[in-house]
Structures are given as C-alpha cells and as structure tokens.
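First the structure, in the form of structure tokens, and then the observations on it.
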Amino acid sequence: MSQSIAANPDRLFPADPGTRSIARDLMDRVRDLPIISPHGHVDAAVIEHNTPFPDPAALLVSPDHYVTRLIHASGVPLERLGPKAGAPAGAEAPAPDSRTVWREFCKAWPLFEGTASGYWLRNQFHSVFGLQHEISAETADASYDAISAKLLEPGFRPRELFKDFNIEVLATTDDPLDDLASHRAIAQDPTFHGRVLPTFRPDAYLNPANPLWSANVDRMIAAAGDGASGYAGYIAALANRRRYFVEHGAVSADHGVRTPATLKLDGGDASRLFDRLRSGQASGHDGEQFEAHMMYQMARMSVDDGLVMTIHPGSFRNHHQPTFNAFGADTGHDIPFAVNYTEAIRPLLQDFGTAKDFHLVLFTLDETVFSRELAPLAGFYPSVYLGAPWWFLDAPDAMLRFRSAVTETAGFSRSSGFIDDTRAFCSIPARHDASRRIEASFLARLVAEHRVSEERAHELIVDVVDSSPRRVFKL
Amino acid sequence: MSQSIAANPDRLFPADPGTRSIARDLMDRVRDLPIISPHGHVDAAVIEHNTPFPDPAALLVSPDHYVTRLIHASGVPLERLGPKAGAPAGAEAPAPDSRTVWREFCKAWPLFEGTASGYWLRNQFHSVFGLQHEISAETADASYDAISAKLLEPGFRPRELFKDFNIEVLATTDDPLDDLASHRAIAQDPTFHGRVLPTFRPDAYLNPANPLWSANVDRMIAAAGDGASGYAGYIAALANRRRYFVEHGAVSADHGVRTPATLKLDGGDASRLFDRLRSGQASGHDGEQFEAHMMYQMARMSVDDGLVMTIHPGSFRNHHQPTFNAFGADTGHDIPFAVNYTEAIRPLLQDFGTAKDFHLVLFTLDETVFSRELAPLAGFYPSVYLGAPWWFLDAPDAMLRFRSAVTETAGFSRSSGFIDDTRAFCSIPARHDASRRIEASFLARLVAEHRVSEERAHELIVDVVDSSPRRVFKL
Amino acid sequence: MSQSIAANPDRLFPADPGTRSIARDLMDRVRDLPIISPHGHVDAAVIEHNTPFPDPAALLVSPDHYVTRLIHASGVPLERLGPKAGAPAGAEAPAPDSRTVWREFCKAWPLFEGTASGYWLRNQFHSVFGLQHEISAETADASYDAISAKLLEPGFRPRELFKDFNIEVLATTDDPLDDLASHRAIAQDPTFHGRVLPTFRPDAYLNPANPLWSANVDRMIAAAGDGASGYAGYIAALANRRRYFVEHGAVSADHGVRTPATLKLDGGDASRLFDRLRSGQASGHDGEQFEAHMMYQMARMSVDDGLVMTIHPGSFRNHHQPTFNAFGADTGHDIPFAVNYTEAIRPLLQDFGTAKDFHLVLFTLDETVFSRELAPLAGFYPSVYLGAPWWFLDAPDAMLRFRSAVTETAGFSRSSGFIDDTRAFCSIPARHDASRRIEASFLARLVAEHRVSEERAHELIVDVVDSSPRRVFKL
C-alpha cells in the first residue's frame, strides 16, 4: 500500500523551485479563508435535517456522473455502479449492493490518474476520511469499512462538516416553484450559522423544447400569475417567483441553455409566439426564438430585482439516447460543442450591458471563447464577468489555461471567483483547495517573471479567492 | 511607494534559471537593434511638425481604448475619462480636466495587473518618463507633475524620441485619398533620418456596408478615375491611388475586414453588382460578395504594384451601439469572433498564392486558426506569412502560445516579425521590448530542450526580430 | 560544422532539473520496448522484396510532402525538388538529378528549425545514418555521399532495419481490392518475424464526390458482390472485402473523410440514394448524405467483423488547384479546417457507441475539439478512443497540448497510443522516440506537481507506450 500523494503540501504547485516557493507563500495567505460557494447543487434539505450521509458507494460513486462515466467508458455497465446510476427503467435485477459497487470503483481507481475527479477523490479520502494510503482493488473492503465508520461518527453530519469545512456561504439550485422551506428553516435556526442560499433556475419553464414546458407554464401561471393568463400571467409569475427567491436570500438566477442566444421581441410579438407555442403549432425555430427572448427578459428582470444572472451554455445533454432512456439525465453523456457569444449575447448587452448593478456571469465549456470573446466582453461591459472554468474545465491545467487566456486582456478583476458547481458535498474543500493552489501557481509565475510584484500578488490572491465571489455575487 | 518591477532586467523571461540564462544571452543580441514598425497608427503630421505631446491624460489615457475600456468595465463612465473618450454627442457637461482624468486612471491602475496594457504602461513610466516607483491613487498628482515636466523638455518631442527610441522605419495608416503631404515633407527633410511610410487602407471604399461607401466611391472616381465612370473608373482610381502611395514610399496595403472572404467575379458580373450596390437596390449579401471580390482585386493589384497585402479580419466593431452613438468608434467594444481562413481565402490563393513576389500577411484574433489553418497555409504558399499576434493577442502568454502553435508546422521563416499596431507613440519601445523578450524566451526553451542549438538560436533571434520584418515588408 | 544536438540524451525533456530527472527515469523504462505502428503508409511490397532504398533525395526529400512543402514556401518550385514532387503533367524539362535535389534540401535545412520534420530528420541523420554533424549547404555533397554509402550496406535493407528498429507490428494502408499478396508472402515467410498488417481504406469507394467513385463501385461489385447488383451487391462486396482483410491479418479500417458526419438511412432510402448517385442525377448534398450513411454502415460492419474503425477528418485536400493539376495529390497543400464531432458522430454512437468490442478511434487536426468534444466522448463511450495527435499536431509542443487538453477529463486509458502515420520508413524510430520522450515529459510534470505518484507513473508510461496500442488495436 503506497502513501497517498494527497498529503504533499506542494501538490499542484509548479516544479521550478523558485516559483514553487512563491506559490507556497501565496497559498499560505488564503489557505484558511472561508469557503464561498455561490453556485452548486447540494440539497438544502440535507443541511436542514442534518441527514447522515449514506454508505461510501452511495455517497461517493453512484450519484456522481463524473465518476461513473469513466468507469462506464472502461466497459462496466452503469447498472453495476449502483442505485442512482443503476436503475434502468423496468429492470428486474436488483441494484448491486454498496460494497459491490465500492469494489468495482476501487478496481477502476487507476482510470482516474491525472483527472480532476481523481484529484478531488484522493484529497477527500485523505483529508476528510483520514485514509493514509492510496485506495486499491486489494484494499477495497478495508477502505469501505474505514469510510463507513467515519460516516457513523457524530461529527460527520452535514452541519458539523459545514463548519469543519469552513463554509461561509453555500448556494443551492432550485426550481422556481420550490417553496424554499428548507432554506427558510435553516435561516431561522439560531443554532446554525452558515448561509444556505437558494438559486432561481427556471430552464424548465423557459425552454419550449422541454416536453414538460407547457405543463410547467400552467403550474407557473396558476401559482404566481396574479390571476392573469397567457403571456402576461407568465411574465408576472416569473417576476413574482424571482421576488420570492430574493426574499429567501437568493442572489442569483442560473440559466442552463443550449446556446447563449438572446433576442428582444416586442410585447405583442412575444405574446403571439407564446400562444403559438402553447397551442403546439410552433416549429423548433419558434421555440429557440422564444427561449432567446426569455433570456432577454431574464436580464431585464435581473436589472429590476438585482439577481445576478449566470449563463451555462454549450452542452449537448443526454447525448446517448439509449442510456438516457434507461437511466435518465445526468448519467455522464452531456457533451460540449462549439459556442459563439459575440453575436448571440449582443441583443441582451445592447440594452442591459451597462445597466447599473447588473451582473452577468458567462460560462463556457468551449475554451476557445475565453481569449477570443469572453475576455474582450468582460473587459468592456461593466455587467459582464468571466465565469470560472466549468465542469470538464474545472481542473488544474484547464484553470491555468483559463488564466493565461483571459488575464492579459481582462486582468484579475473581471472573474467570478471559483465556482464548485457540485452536488458532492464532501468534495467541496478539495475543489476549493485545488482552485486556490492553481491561483497561487499562476500568480507565482507572474511574480517569477517580474510581471506582477510580490506585494501586489499578496493582494491579488486574496482578491481572486475571497473578494471576487463576494463582489460578483453581491454577498 | 514600491519600486517599479519595470526595472528588472529579467522581466518576462522564464523562471527556470538555466532557461533564463539562455534567454538573457539571446536578448543581449537584439536589445540594441533598431525598431522596425511596418504597421501602426501614429499620425505622420505629428512627426512632420514635431508637435509637442499634450498632457499625461491626453497622451496616455483618453485616446487609448485599450486603457479606457478596462476602466469603463470597472464602472467608470467613458465621459469621465477625457476629451476623446468623454465627448458624448450633444453632451453639455464639459469634458473633465486632464488632472481629474489622470487621478481616475491612477485609481484604476490596479485593474491593469497582469494585462498587456499594464506591462506597456509600467515600462513607459519607467523607461520613457523616468518614474522610479509604481503609480498609485495616492501619488497621482506627483506622477502627473513628473510626466508633465518631462513633456515640456525639448528632448521630448516626437522627432527626438524617434531617434532616442532607435526607430528606423515607422509605417502609418492612411486614407487612399490622403495627399500624403506629411510623408513627403518628412522624406524631403534633410534634418530627419527616420523613414515614415504611408500605408494604403481602403476599407471605407471597398465595403458597401459602410454608410459612406457610395459617397466615398464618388470621391474616389472623381479624384483618380482617369475620367472613366462606374466600375471601370473605380478600379482605375484604386490602382492609381495605390501607385501614388508606392511613389510616396508605401510598402503595404492593409485591409480591416469582417471576414477573410475572397471571391473572383468576372468583369461583367462585378460591374453589374457594383451598379446595383450604387443604386441602393442591393442586399447585404450582395455587399459581402462585392467586398470579397474587391479583396481578390486588391491581391491582383498587389501582384502588379508590389504592395504587401495585410488582412486583419474577425472583429465585430462597435459591439455596443449606445456607446458608439455617444462616443464614436474605437471606444473599447470591438469584440472578436470565430474566423475560418481555409475556405475563405482559397479563391484568392488559387490565382495569386504562388505569384512572384506577392506577400500576403494574415492576421487573426481567433487563436484557433494559428495551428489549424495559418501555419499550414504559410507552410506551403510562398506568398503567405503569419501575421504577428494582434491586438488582444499582443501579450506575453499569447505570443508564446502563437510561437508554440505555429513553429512546429511552419518554422521561423514564415512569420511577419513583430507588428506594434499602435497609435500610442511613446509605447513603441515597450511593445518591441516585450516582443523581443518573448522571442528570446521561446527560443531559450527550445535550446534548453535541445531542440535548437545555441548557435542556431543566435541567428534565429536576429532573424525573427530584424530580418523577418525587412524581408516580409520589403524594407 | 557543428555537432548535432540529436545526440543529446535529454532532448525534448523539460528544462527544470527536477522534472527532467523524472522524465529521464521514465524514458529509461520504455526506451527499449518494441515499436508498434498500427497505422501508417509504408508499402508492404518494399518489405516483401526487401527492396534497397534509393538515393538520399529520393528517400528523404522528394516523396515527403512534409519536407517539400516548406521548401516550396520559401520560393523553390516543386519541380526542383525531384521525381515525385517534380513531375508536372506534360513537363518537358527532365526532373533534376538526386544530388541537385539534395543540395537544394541542404540549402533549405535552416527552414526546418523548430519543426517536427526537422526533429525527425536530424534524428534520422544521427541515429540511422550515423552523421555526427549538422547538415548544411556547405557539406551537402559530403552528407549525400555518406548517406548513399549507408544505403548500399547490406544491413541497410528494409527487413534488416525492421529488426534494427525493433518494430514488432507495422500496419500498412491498402485499397479494398488489393489482393494483399505482399502481406501474405511476408506472413508465410519463415525467415521474417515482424508482423506487417494490411488496413482497409475504402474512401474511394464510399465518397461519391470522388470522380472515380462510380467506376470504383463497378469494380467493387464485380469483384466481390456475390453476384448481386446495385446497393445490395455493393454492401455485400464491402463486407466481403473487409472479411478478406481480416483473414489477411487486418485489425483496422481507416476512413479519411472531409467531416465526421454520420447518418442512418433505412435500406430502401439508402438504395434509392445509391441509384440516384450512380445515375449521375444527384446533388452534392446527396453525395454527403450517402458518405455519412456509409460511415454508419462501416461502423455496423466493424461491430460485426471486429475491425477497429479509425476516422481522420478535417483536411481540405489539394487546396491549390494549379499545384494539384501539375503534381497530383499529397504535395503539401492539404489544409485543415474547423471540425465538430459532437453532433456529427451522434447517429453512429446512438446505435454502436456501447456495442461490445467495437473500437472507434477519432482523430482531429482541429485541436479545439480535444478538450471540448473528444475527451468527453471518450470519457463516456466504451467504444471511443482518442486518436493520437495527427499530422501537423504530431510534434512535441502539440503532443503536450493534447495530453493537457484530454487527460484531466479522460485520464490515460482512453488514448490510442502513438500513431506514426508515415510513409517514411527510416523516420519511424525518430517519431516513436519523440512520442515516448513527450509522454515521459508530461508524466514527469504530473509527478513533479504531486498529481501522480512516481510508482504509478512507472506503470502509466508503459501503459501509454505499449499496452494502449495493443489494447485499442486488438494486437
């Protein structure tokens, strides 16, 4: 059994000794700052009820499509990877038990060498679960038992870890019609001091290509349309629900769209298009136009109600239909494609790009837009911020490429700060740790190349790690 | 007040001590070579009349959209940044005075950490203006006074700096109907030894989407059409004006186009299209076809008259209409987009790609085309040269990415040499200094990795810094 | 005459001394492993007959369009570069003699500094031909004589070099109607122990845009259509010829297509489209649909017969028509363009992406798809493997960019292993040497940054160099 490299204090730092020494010093200045997580997918109810975590496989393997996808690529069917992944519709075979899933995972562990997921997992195993050695197929049962034991400890409940992890703010992602009862309960609980904020995520109500769109719209209008019907009721209801989220602490509205297209329609045209879509007589193009128009409307409402607008485009969701049919969404086959922001986002920016206090955070899975489009946009429009490297790009080398691509044009002040975007609660410290080490590494190189003074780097590392997310997300 | 890092002799060099030492040696071999600037935007009249520079803000802040854009992004309205930037159409408030603009700039100075503009400014402050310390909000008045004092010194006039900067050739960018009186006066002045060359830039006469196109065409035909009218007069006039530029020392014709599309139309079709466009009955598509055809014509004329053809595509100009309406063009919101050269440039290359002595320098703001398209094109066609990293890409990391992307396919012989492309006269030495340091850094890495011998690197550094621009621009 | 840097044992390794030392150690573990070359363009007949190599120019210059293209770019007409390159249709001037071509090449040698071709050539000169010094214009005759002398040595025949080079498997690329007599003869020869495998390459039979397509289809049906005619005979014949290839040792079918488009047509639609195309009444769009459908069919057949499917898209072949007219294909002007895999490959992956034992290796000349599309696809679909960096990207920096772009998403297990893709037999060791050094360099950095343990790196370097190509190509 080999010693885990997760313990190495210089992990992720550049090899050159001089640069490494600068990086160490910069990391020391931010290591103990609280975690601010303005966008992610943890379930607020888990914090509300302080629900114990399930077993190792159900916590760390089965629900994490970053993990199951690579094991699947190696030839293991998803049904062998556990409850969530392994519930094909109509399947009669029982889901495998947790220990079996864990053994499958440990056998597959070498696949994760060099990956971002491997880094996060190794660091969780070491720092959160206290494993001193690398996991392996041979020691699968031992690591299963060790983690299981940890999960039974009283200090290993969500609220205790929230504190241990030094989390200050954690945003969740929520359906617009969610009553936010968990968020309210947490906020009113005098024994809990973290901030758990909802995020308004209206995709299913804005995109006519969603098979449930029309039913969702019915529910939306019925719930919050102020008695109005049609497009007017729909717009009123969205504004009302946003206000409800703001009252419950939300700071942002998030949009997972296929492309960043935006479009301004006048009220009459929008209303007629809405009616046509509701009647089922509309084309796919009509649906795209409507969604683009609704992105414009969401920006308009953000200018009104102050919610930071975040856009996550460019993923072809559920690429493999048979897998989607059997296992549902979020099972590892969302595949990025090329995105163009410059023309697509222009209609929105024409009217709101310089609007007072409007914040628009633009994400991408297509790295080419970082230097070509996003840095120039964020370097002019006061509203536009560069979203942190997201999903496949939330990884050491990719984060360094991001900083290299955008900084020379947009400096350090136009970035969102780190976004962990995770549903894996126990991975949060490892993710923020990786991000801080990479920020320190990038800045250390600039210092070593005499492009930034050591004195200024001391300020910048705090700015990118701590001040940026507070400023950009109005925290 | 902290010491400026601009004084560090190792700035921009790689951190690894062995590689750095090689880079130092390479830099020593080119540090004192004259500056050759074959493309830029300095006003020839300033050299002709040896016009004193204005105050610090009017020299270094207000007219520089690289600088104002990032301050604008931080929330400062353009009208607070001075005369050029700050003259919204119909504004009644007086433009802010220079000292106020300078204070605004000094307050915003931290925004420029890590940016290319920050590097150039810091080096100007140190090397040109003699400031020993970093500028800051607290010392804004002191730095204003120090620079102002410098600007009053007799040695600080354009012609004296031209000599101090060791500039050998400086190309300007000029309207085709410009009489080039300043260039003539400079050339005939026995007391001035630099070469100041005009560049033929006919965009406004070639692109029917320009609202002034038809009026420009009228003026063009009237001025130089040899009495002919219509398309024939237009083509004759362009050829005549190019000849006039050649007679006044021009070595290149520059083309700022939206895309690199080229198209060969036969004479009759072109003439009919021209007439249709002039009649106002044509579509946007017609205009694009015509402009693409005119790029083909410009190449044909370059084969005839020897002017090097340079193409700068891929920028969405004036992205934010309200800002354009208020402040005009070149105010910081030209945003790049994806470009494809392979198919677009093919009609031109079919006929002129191997034409004797034809030089075609291709620029891009979309880095993806460097390895994918431009290096392969330049690695086959004797006419095609890789334009230096331009605009947002004229920055240390981006320049290293460029060399890494193109060299393995096209070697060192197919690049244009450095292009500063600037209207900021006092920034010219800092820009060339940065470029030379990056060339030295890239070559030093190849030497350290035993990919190029030290002996050959000594030749290559001189070739890329000095021989390339002379060869490519026929100087 | 300067000493060749090809002798340096640290060539291509990173400059940082600590990282270099790790790279050295990793390289030591794979230096002597046999060469596995699962895709390339060597002629099997040369191995069968153990044909002596021709003179230096005919071996190393004239037939290599990687070499002639850059000399051509410098202004040397192709006809001065020898028999293959220099045979313009209808030319009356005799082709230049080999010594003259060699002198031209030696004069042009400095153009290759920093290029991949330069690296391979320099290493051949040193390791294969025993030249101790850099070649140069001044020593052209001496190097010509030295290499010529080597070529006459009995140990310098293809079969002897095959052994000296430590080649275990060498795949060729073959026409589907080739009788594979050379492969059979080699396989049956008890005196030769290497494996020389054919590869099924049916482009000319699948792409209706090929002027010879219909004639090729006639020949295909006549040769192997089982007596059937039309689409049914065509499909049967392709399946039969694939089986013939499998029986002669083929492990893969290779597809050089313009785009990676795939399409599933039902049998009736496909048959009618085939008939329309054969009648000459079809449009270009019809041809593209048909080729896309045939890619789907090829995948289906691969699932049946086990041939690994490799796809090489994204090159605009024969970009300069006049050069193509004079000298034919493969003369240096195939230019890449932007490619999108995510949507294009989906129809094929819907049905075969998770098919048992199906292997699909995806190549690209457009680097942007590595992180954006290929790594996510290979990180989910068990069939999909990342093709090694190809053609212009088969170069040290580009290979490092590839590893950086894909590893964090897909790890090390989803890559094809190195593909030399060459027709230049003598360059094979240099190419594999470069690839192994770069793999060692990349892994060494991960070790130095504590992202991979030294112990695991020892396994990974063997896996990527040796196990990956065996596994992916079923060797």
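A, B and C are the chain letters, set down in written order, and residue numbers restart from 1 in every chain.
Heads up, the rule we're going with is that a residue touches a chain if its C-beta (ideal position, glycine included) is under 8 Å from a C-beta of that chain, and two chains touch if they have at least 3 such contacts.
None of these values were measured; they are calculated from a predicted model.
Although chain A and chain B share one sequence, what matters here is the overlap of their interface residues, and that overlap falls short of half of the numbers used. Its C-alpha atoms fitted onto chain C, chain A is found rotated by 120°, rounded in steps of 5.
Put simply, the C-alpha centre of chain A and that of chain B have 40 angstrom between them. Residues of chain A found to touch two or more other chains are 14, 16, 338, 368. Touching chain B in their complex are the following residues of chain C: 2, 5, 8, 10-17, 69-70, 72-75, 110-116, 118-119, 134, 316, 319-323, 332-338, 365-368, 392-393, 395-398, 401. Chain contact summary for the complex, chain A toward chain B: residues 14, 16, 18-19, 338, 340, 342-343, 346, 349-350, 353-354, 368, 371-373, 375-382, 384, 404-405, 407-414, 445-446, 448-453, 455-456, 459-460.
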